[in-house]
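Shared between the two complexes below is chain A, which has chain B as its partner in the first and chain C in the second.
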Partner chain A sequence: MSDATRSHKAKKFLERLPKKLSRQIVGSLVGCVHCGMCTQSCHYMLSNPEDPTFAPAHKADQLRKIFKRHIDWTGRVFPWWVSAKSVFTDSELEDLKDIAFGKCTNCRRCTFNCPMGVDFASANRTLRGLLVHVGVMPEGVAVVSKDQWEIGNQMGVLKEDYIETLEWMSDELSGELGDAGARIPIDVKNAAVVYSINPREVKYDPRSISDAAKIFWAARENWCMPSECWDMTNFGLFSGDDDLGGAAGRRLFEKVMELKGRKLVISECGHGYRSTRCEAQNWAGQSFPVDMESSVITMLRYIKEGRIKVDKAKNKESYTFHDSCNNARSCGLTEEPRELLNLVAPDFREMHPNRAENYCCTGGGGAMSMSEYTPRRLKSAKIKAEQLKATGATVVVTSCHNCVDGLSDLIKHYKLDMKVTQLVNLVAEALVIPAKVAAPAAGKVLALAGRTIMVVDDEPDALTFFSALLADHGARTIPVSDPNEVLKAARKEKPDLITLDISMPGKDGGEVLCELRKNPETEAIKVCVITGRPELRKLIYDRTVRPPEGYLDKPVDEAKLLTNVRKILELAHEDVPVES
Partner chain B sequence: MTEKKIKDTTLRLVRGDIAAMEVDAFVFYARPDLQLGSGFGTAITQRGGPAVKKELEKLGPVATGSAVVTAAGEMKCKRIIHAVGPRFQEEDEERKLREVMRASLKKAEEGGVKTLAFPPMGTGFYGITLDLCRKVMLDELRRHLEGPTALREVSIVVKDSREQTPFEEAFKSL
Partner chain C sequence: MSESALLHFAQHRLQEAALLCMAVVYAFRIRWLLSFKDARDKQAPTGRGVVDPESGKYYSLANIAMPWAMESTRNSPFFYLQFAVFHLGVACAITLSFIIPYLPGLLELPPVVKAIQGFTAAAFVIGVGRMIRRIAVPVMRLISTPDDYFSLALLTVWFPFAFLAAPNDRGGGEGVLLTFFFLTAFFLVYVPFSKISHYLYYPFTRFWLGRTMGHRGVFPMRQPVHPR
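On to the complex of A and B.
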């Protein structure tokens, strides 16, 4: 290969290289003495001890060789001596993609264990940025990045859907608390707190929004959520695209400034917190006078200041805490979440190792959006599964939405009997709220009255349970146990919603979803996927067809099922008692 | 809002959501296979309904530098011009960007479009720099609007201050 035959993409990659090398990255590329001390830090390596290509130093060498060949004097003078190597073809760029995106979650655990201060995770992020610059990236990374660039959030949530969800959560909340004033304020000027969230909360976990709203309400906080520019996550951290990172941060900061908000509170999300609090202003090349705080600290403050009262006995399980890599290793947010957890739950069991030494949930660095690497991700989670199991806890608490997904997938894969939750859920659960005036005993207007819901599940018990539960709340239910019959039945019955199991013999629920979406008679039908399997991520991130309107992890309880079904069907109220 | 009059047409710089505008047509920066994908493609799919995608299935793939027109389903605008521009540092970026601007304007004129909206073409995800984008867009728009045209209002719709500020500066020297 020669310079003359180098592909256009490889040329552009190399042209960009010197512009992306900060002093810290150069230090990491020249500093490695190949001592191997980082090898046992990496969860990929620990779960694949037979494969040296997962070793941090080996992965770093792939970028290091190019750096030596084109930047460092040693490689330009003695390329053979320092293993300098250039990049010539698109297929070599694809190989680099496999390492940068598929063999590292940028968790920074190896960084902490390197005596030479080599920060491979940052070098790997640089490599990702170089590849993204020339359009070489996993499909999921492209989908999410484009959504964040153009729609303004990572999951492509449109403004009308976001506002509708907030209003729906407000109706739920005021109904639950018996206070018409218990609502989510939107775009209030001069609020003490502007609350920003992860789009996953709007799309798949609205309860975390209503739980936060309940806490702000109980604390009598003067707070609001922005109508636009509300996403505090930042895919630029994962894709290595500093321009996206700067743009996403700038939008959020400028919105807070426009609202004259006194403090930006960032909901529980590791990469969102790190990006917004620590990195975005650097990427944007500008500083913004915005005071910021993690919601973990806000909740802790409310309890310490006596603004909310909690009864820890309400959280009855045994809990362990998973430190998100970004919170713990990059932001030092390790003690506050533990203090808060101990205030709202009586049975806390420490995980080992923990804090900055904790293992990655294996879903970090955007890994949840890259479905092509799912088998590798789950295999690398073996060490994490063992660590979780050793705690003996029934619930793992984490302050990161990404970790919730990563942990949920591995818990299912390794068949651990554990649930995942966040501090906001535990604090809301523990809140001591004056009892509501009891509603008069009477008949009920059922929440799902007039709706037709098709329940698809091959397990007879699940089919009966879901059908009976939805019917109890007024829905007409159509149980279907054979996945091959779904399309036909859906065309005939035209249900308002289909709850769809993913793992069924004969035909996968994902295939059923594609069939439904591709048929003009059924494409508009709303679908809630119910699954115990990580293949779901492919449906959410790859978007070969419109993603499901909702998803639920098995096991599903009554409250979870009803909340999600009502959200998807845009029904604001629970069963309402009426005078008989 | 910044605006300039070029002969009988008003050229505006607007901050907002291009996929929610009430215009005769807006330009969507498309891929050669015409798949809507994410980003503004998400908005077209969700607000427009399935009709747009169906129409596109018969039209793609198309070469970079060209444009095709579809109806807009249930969106507020009437039509969408799917303009396939250069992506991710591909060769001859500027020439292709000029071509796709011309192809979009040609399609707009053929359809008798009076109000038309453009995004900052190819910036953001596809990596065209704001500098190149504003230079090419304003050059091509001025050249086109100085000739015979049915267009009465052309908007460049930016999403944030990062896009707005460089375009505002460029409008001053129009």
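On to the complex of A and C.
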């Protein structure tokens, strides 16, 4: 191949390469001695010992070869001698994509085990950035990056949906606490705390917002959430796009400064904390005078200062703690979460290895947005599954939303009898609420009274469970086990909501969704996908029809199902009928 | 016994020229490395309590002497021992190339000769073992370049000549010493162009990693709790 035949993308890739290099990256590219010490530190390698292409040194070599061929003169003069190699075709760029995005979560565990101090993860992020620059990336990365650029958060949550969720959570909170003042303040000037969150909390886990609000309320904190620029996550970390990383960070910092907030508190999210607290100013190329801390530190502080009281006996299960890679290996946040967990849970069991040596949840580095690599990711989660199982705990606690999803996936895949939760949920559960504002005991709340919900699932147990649970809360339920009957039943019953399984014999959930959306009689019916096989979510989201209004991973507990169903049905502001 | 003009040249002029060449190339390499932008953290320090970024740098630089600090060395003590002995062998052979021409009296002390021979012999055995590992283990084969093989072979061949040259005995002829010095000179000239120059980069890579991780409260690393 010659320079003349190089593809346009390959040319652009090579033009961009020198601009992406720093001393640290160059040091990592020239410093590797190929000693192989990194191989035993990578969860991909440990779970796939038969495949040497997962070795961190080999993965880093993909960029190293190109760097040597074009930047380092040893490779320019003697390319064969140092295995230097250029890139010519789009197909070669695709191969690089498979390695940079599909075989590494940038967890940095290999970096910490390299005697030379080679930062493999940063080198891999550089390679990702180069590929993204020429438009070569997994579809999920493109979609999420676009949402973060254009809408301002990586899940494309619209402002009205965000505000509505906060108001709904406020209603729930004031109802639960029996205090009309227990609400989520928005855009309060001069607040002591400006709380920023992960859009996943708005979309899939609003309970974590209300739990945090409950803690702030109990601590009598002067706090608020911003009405805009509230996303502390940053897909620039995963995509390697420093421009996006800088822009996302700048939006958040400028919002805090506009509100004259005294401290930015970052909710439990590993990559969000690292991006906001440690990286965004580097990417933006400027410092911002914003004081920041993780909500883990905030909650710990409240307990130590006596601002909130907790009763650890309320958390009755056995707990272990998973360190998010970004928290532990890039931000030094390892002791505070353990200290907090010990204060709110009586049975804490350490997992091994732990802290900065913990294994990746396997969902990091944006892996959860790249469904094409899901089978590989789950296979490579074997070592993590064994580590979790060995703890004997029933609940794994983590301070990261990505880890929640990654761990939930692998727990399901390896059939571990465990649940995943976050510290905010445990602290909220353990809170000792002053008696004068404790919620009055009432009759049973019929949260879904007057609603018709069709439950579609081929598994009899799931069908019965969901139907009974929703009926218990007042809904009229229509169980359907045959996917071929859904359209007919929906046209006849006109339900307010359909809960839809994806993996069903004969017709998958994606096809059923298409049928419903394309029929004028059923197109407006709200749909919540509930699946035990998240790797199949592509079947839903790849379709051209309007996506479902909600999405839940099995196993689904009562609170999660109810919360999400009510959110989809927009029951937030309605009075809840009570059965006397 | 007096040395031949060729041996004198090999011990002095050749070594000096090779060292000069190495130093010049090294100077260019460092200048080149430092010509790239410095990606220094802009944010306030992270971590618990008072963060001392300086301690992170020192911890990182001293990491190589703390096999307990990294899982990879902690769990493979024999591999770490090999690493230590191999590099001590290199240090002994290099030192020998200065002792013979400038401090030959030292080699009249049997413990000095025995120490040099001991380390270079052990380093040779380790070098052979590492070559076998590099060829036999699939992952090592996959990541190895011709330079990796050649650099290891060069050192492994160099060690026995250092072993034989250590007594500085010319009774059997100058062949061993000449080979040792010519190999040393080749080694010195080749090093800056090869993977062996990693020791030049080591202080930089570890310093930068330590500076960042110290700033973020990760280094010095809190040791994980191990199962009882």
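As a convention for this text, the second predicted complex is superposed on the first by the 537 of 580 C-alpha atoms of A that agree within 3 Å, B and C clash if a C-alpha of one lies under 4 Å from a C-alpha of the other, contacts with A are read in each partner's own complex, and residues count from 1 in each chain.
One rule holds in what follows: a contact is a pair of C-beta atoms (placed from the backbone, for glycine too) under 8 Å apart; a residue touches a chain by one contact, two chains touch by 3 or more.
In this text the structure is predicted, and so the values were computed from the model without any measurement.
A.B. asks: In the superposed model built on chain A, check whether chain B and chain C fit or clash.
C.D. replies: fit
A.B. asks: Please work out whether A:129 is in contact with chain B alone, chain C alone, both, or neither, and reply first, second, both or neither.
C.D. replies: neither
A.B. asks: Which holds for A:520: it touches chain B only (first), chain C only (second), both, or neither?
C.D. replies: first
A.B. asks: Return first, second, both or neither, reflecting whether A:270 touches chain B, chain C, both chains, or no partner chain.
C.D. replies: A:270: touches no partner chain.
A.B. asks: According to the stated criteria, A:33 is in contact with first (chain B), second (chain C), both, or neither; which is it?
C.D. replies: So A:33 only meets chain C here.
A.B. asks: Examine A:111 and indicate which partner it touches, taking first as chain B and second as chain C; both and neither are also allowed.
C.D. replies: The answer is second: A:111 touches chain C but not chain B.
A.B. asks: Now for A:366: first (chain B), second (chain C), both, or neither, which partner does it touch?
C.D. replies: In the superposition, A:366 contacts neither chain B nor chain C.
A.B. asks: Between chain B and chain C, whom does A:406 touch in the aligned arrangement: first, second, both, or neither?
C.D. replies: neither
A.B. asks: Where does A:146 make contact in the superposed view: on chain B (first), on chain C (second), on both, or on neither?
C.D. replies: The first partner, chain B, only.
A.B. asks: Looking at chain A, does chain B or chain C touch a larger number of its residues?
C.D. replies: Looking at chain B versus chain C, the one contacting more residues of chain A is C.
A.B. asks: Looking at chain B versus chain C in the superposed three-chain picture, what is their shortest Cα distance in Å?
C.D. replies: Checking C-alpha atoms only, chain B sits 19 Å from chain C at its nearest point.
A.B. asks: Find the residues of chain A that appear in the contact set with chain B and again in the contact set with chain C.
C.D. replies: Common to the two interfaces on chain A: nothing.
A.B. asks: For the complex, give me every residue of chain A touching chain B.
C.D. replies: 8-9, 12, 133-135, 142-147, 149-152, 156, 158-159, 161, 229, 243-244, 246-247, 250-251, 254, 520, 523-524, 543, 546
A.B. asks: For a test of understanding, state which residues of chain A touch chain C in their complex under the given definition.
C.D. replies: 21-28, 30-34, 36-41, 45, 52-53, 55, 57-58, 61, 74, 78, 80-83, 111-119, 277-282, 285-287, 291, 328-336, 350, 352-358
A.B. asks: For the complex, give me every residue of chain B touching chain A.
C.D. replies: 17, 20, 37-43, 45-47, 49-50, 87-91, 119, 124-125, 127, 159-162
A.B. asks: Mind pulling up the chain C residues that touch chain A in the complex?
C.D. replies: Residues of chain C touching chain A: 33-34, 36-39, 41-44, 46-48, 60, 63-64, 70-73, 75-76, 79, 83, 133, 137-148, 150, 193, 195, 197-198, 201-202, 204-206, 208-210, 212-213, 216-218, 221-227.
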